[in-house]
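Everything on this sheet refers to the single structure shown next.
Chain lettering (A, B, C and D) follows the sequence in which the chains are written, and residue indices restart at 1 in each chain.
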């Protein structure tokens, strides 16, 4: 096999990938009454994808990733309330601002590892959450941001009760960001990230500026997380402190590990399984649904180490 | 046992009226949902599940806590997928505000059974509230404290988030308008595992009275103990608060140190009326615990739903139901209540109570009251 | 003191062996040269340029590469991917995140060319984790070579490699470009005397003596401290 | 004003001791055994509910329930360690996280099912209520009691781990499993005991916490953040580190809320971020 073909082989779109993306169109036909849920799953999948870039591909464990999700949500919300309600431009501004906050904090983050890193991301996230609560004049505090009105997409497609526009919009943005992430993973930069994750000590010895790489991927991940936050604010016209909460950071971490970190589709699969399971369990048993979610998590770890995709890879080893 | 959820069956829409209940069944606020749901089930058990020819069917949805994005989606699903005729429940303000948009857009009758921020009912013309508003209680209480309460100088301390701010502003407004002076104010963080520092700060100002607002749950008991530990005797330095401060669990944990604390509330299980005694007895028989404000909010919410269904003569659309709700009056276990025709908010009596030991048990004894209190915030709004 | 008043000059193209008992400070010296450790005093120069204050990755960019005594490789990358990564870093392509890897045919082919002389070609597509220990030692060298060094520091390249394979390893090393300065730490004396053109002896953190293999073999102090009396493994 | 300063420092110290009792167990399991047990506060909940059940329904005196809380939580942690956790020692950190978060979900649901979602009242004995006035400052009796218990526990822990043969065995087993087995140390027993110790202390902490911060079914979630902060700031595996970190965090949190209340919520996180940036391995952390 010629050497370049090896890399070509890795980039090729596998049939299962194509099937997956076609399947994401099914809800329009098969489950029209579940489009709002599908839209929130797509948003959570995008948020998990952004975490996968830093956790799965660069080895940064974060317990405060909701900070950037929240910055994106509040930016989009405040923009729609005070300036203009056009969604796409709101998305761009929200992503840019979240990316900037990500770039600034990355200078602190990349200098630490292990428990110190995890607790710093947790600390930064909680500080931002408190800041949003005390700036209640701007953010609406615990009652949430009121008066967020989003214009229809392209002035045509209204964000209505049925969630058609919401799901289409979220899905397209998810797919676009997925393509960017896929391109990153299979680029020289992506290979460098995998190098850092595999052995951070070796990278300087081959002349790699590890910290510069980590700062860049952290900024990109913050930007995508901000876009996900903006999507939620726009499709639901609601923003509350919860978008910055420790709970949301913990949820997305659970979702990514459940799906399997470092496999690009881990976050997407994790989001689908976790949120559908939660929706069904809480529908059947509103008071104790989280017992079954706990059981699901425990079982997955026992049967499928490294998450669902990690476990499946054991059964269908990919030919290298 | 928990009534099994009836999935959208084939029964034609006319006979069945579907009521979607959105509450925080799980998470930090789970107990408020438990108490509200208990009252709803009890009301249905006592009054049957058929009203004016309509069979009632309940669909319960859990928001898991403060989650407006989830609450809005659940409301949309209830309207689009489950074809509900009524949206009800709503313990938390952010969730109520999010669902209000759905009630307005889908023109569905919505009953808020607790969330207490004033502006909620302005968010949908099809919404009525059967619980309270924070200013309704606290502005009235502030005015009472400065007049009949005989207090001139007060120090306020509240939780640093939406409801806490509303309570602080409302109490201070009422107190100042009645001639009182607020000599100091502090806001403690919402997640505040320990109050000692703040109580010490208040004690150093040695005010005549301390007004405190904390969310229900663990904090009232913790604040009460911190007050006792700092040696603040409610009989000398008057301690004032909204009813949560001395609700049942808080009184049990504080013990005798709670005696003398004065609170304002719209309902208490020990309220002296036959209607309430029967309600409390039935509630205890069914659930082994006393009802609280979440229960009375749920109970009166169900009463309103039954009444409007009867009054609207079989029609179940939003206009008909809210039309019937406006101006409705009835005798609730808490006392006389009515729905204000303009604001669709509840008008009720505010009781002033003091914690006393009655027959070996600590109770909130109602010793004064202000009747027919409307929500002052919306009353001031230009029509 | 681990290493002190070291004055070392490595002219271009010479093959140096650095020998000395365990704990003589050999690895520390390499760590000092490559910037892994900060010297308390003194100056390190590569050609005319003073690189004393440069960070390790900057020194690599200027042509100073090293291998590690204990394999520090990329377990889940294939040999080809690892060497390609080193080449791309050298060319500064690792900053681009928008072009797919196959577009960098030049770098990939160069990686292949680095693997071939170290007879790692057949292992190119296998995960590093699955390679034989000897192959992993060769991959360490391949990674260092990928940075196109002017000076190559090999920290016990044949450590843990069975006797027959280590000769093959050193064949590959001696086959390296002639203008490349190489310094390797080694304990096996007949390998040292066969491959090194000059030898440096370090004891107790100091350089005892340096010279041609013949001079070192004849040197009484070296024999007394190191070769003669208790021979160290 | 001096009086209130002493009062604030005292309250802070007491609150710190509470955090210490809740987190020292996690510092032991996370630090010495490198096992990410996010379900640590579930054991604290077990201790809390045991005390509530014994005092409220069976009428036990409060003090008598404390050892029971310790033993129940210790037993539960041994059972969990012997059956499930043991299989995860070689699993990745992320899998350990996911598994233990799953355990937290289950424990919260079980607590809600059996004890409901209501705040558990606890009536501590009268001699622990109220306060004692000394040099013009009143010291809450319960908080004095907390500090005493914490000091006692620290002494016992440090003594048993540092100065007894069994303690040495546990530390050896935890430090290098293979070597310890080579020396004939029963490593499984050492791990089980370490886990029991960690879980038991959490149980004791949970029981003592009810009086100050209350207990409900979601306790395992709400206090996980504070416990992680203390462990990270104190330094992994260091009992002394947890003690000092808990004291520092407790006092700075209390003083912050007293002297600049508007900064209240931020302070504990600012202190944590500050210390971690200055010493990433924590105040007494061994491993960097």
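The criterion applied here is as follows: a residue touches a chain if its C-beta (ideal position, glycine included) is under 8 Å from a C-beta of that chain, and two chains touch if they have at least 3 such contacts.
As the structure is a computational prediction, the values presented were derived from the model and not from experiment.
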{"item": "Per Cα centroids, the chain farthest from chain A", "value": "C"}
{"item": "Centre distance in Å when chain A and chain B are each reduced to the mean of their C-alpha atoms", "value": "37"}
{"item": "For chain A paired with chain C, centre-to-centre distance based on mean C-alpha positions, whole Å", "value": "42"}
{"item": "For chain C paired with chain D, centre-to-centre distance based on mean C-alpha positions, whole Å", "value": "49"}
{"item": "Contacts with 2+ other chains: residues of chain B", "value": "26, 30, 34, 160, 189-190"}
{"item": "Shared interface positions of chain C, touching two or more other chains", "value": "none"}
{"item": "Shared interface positions of chain D, touching two or more other chains", "value": "112, 262, 265"}
{"item": "Arrangement of touching chains [line / ring / star / complete / other]", "value": "other"}
{"item": "Chain D contact footprint on chain B (complex, rising order)", "value": "26-28, 30-31, 34, 160, 186-194, 196-198, 200-201, 204, 217-219, 221-222, 225, 228-231, 249, 252-253, 255, 257, 289"}
{"item": "In the complex with chain B, residue positions of chain D that touch it", "value": "4, 7-8, 11-12, 15, 112, 116-119, 121-123, 129-131, 133, 138, 140, 142-143, 211-218, 222, 226, 253-255, 257-258, 261-262, 264-265"}
{"item": "Of chain A, residues touching chain D in the complex", "value": "55, 61, 108, 112-116, 118-120, 122-124, 126-127, 130-131, 133-134, 246, 250, 253-254, 257-258, 261, 287-288, 290-291, 293-298, 300-302, 305-307"}
{"item": "Sites on chain D touched by chain A in the complex", "value": "30, 84, 87-88, 91-95, 97-99, 101-110, 112-113, 225, 228-229, 231-233, 236, 262, 265-266, 269-270, 272-273, 276-277, 280-282"}
{"item": "Touching residues (chain side chain A, partner chain C) in the complex", "value": "1, 3-4, 6-8, 10-11, 183-184, 186-192, 194-195, 198-199, 201-210, 212-213, 216, 220, 320"}
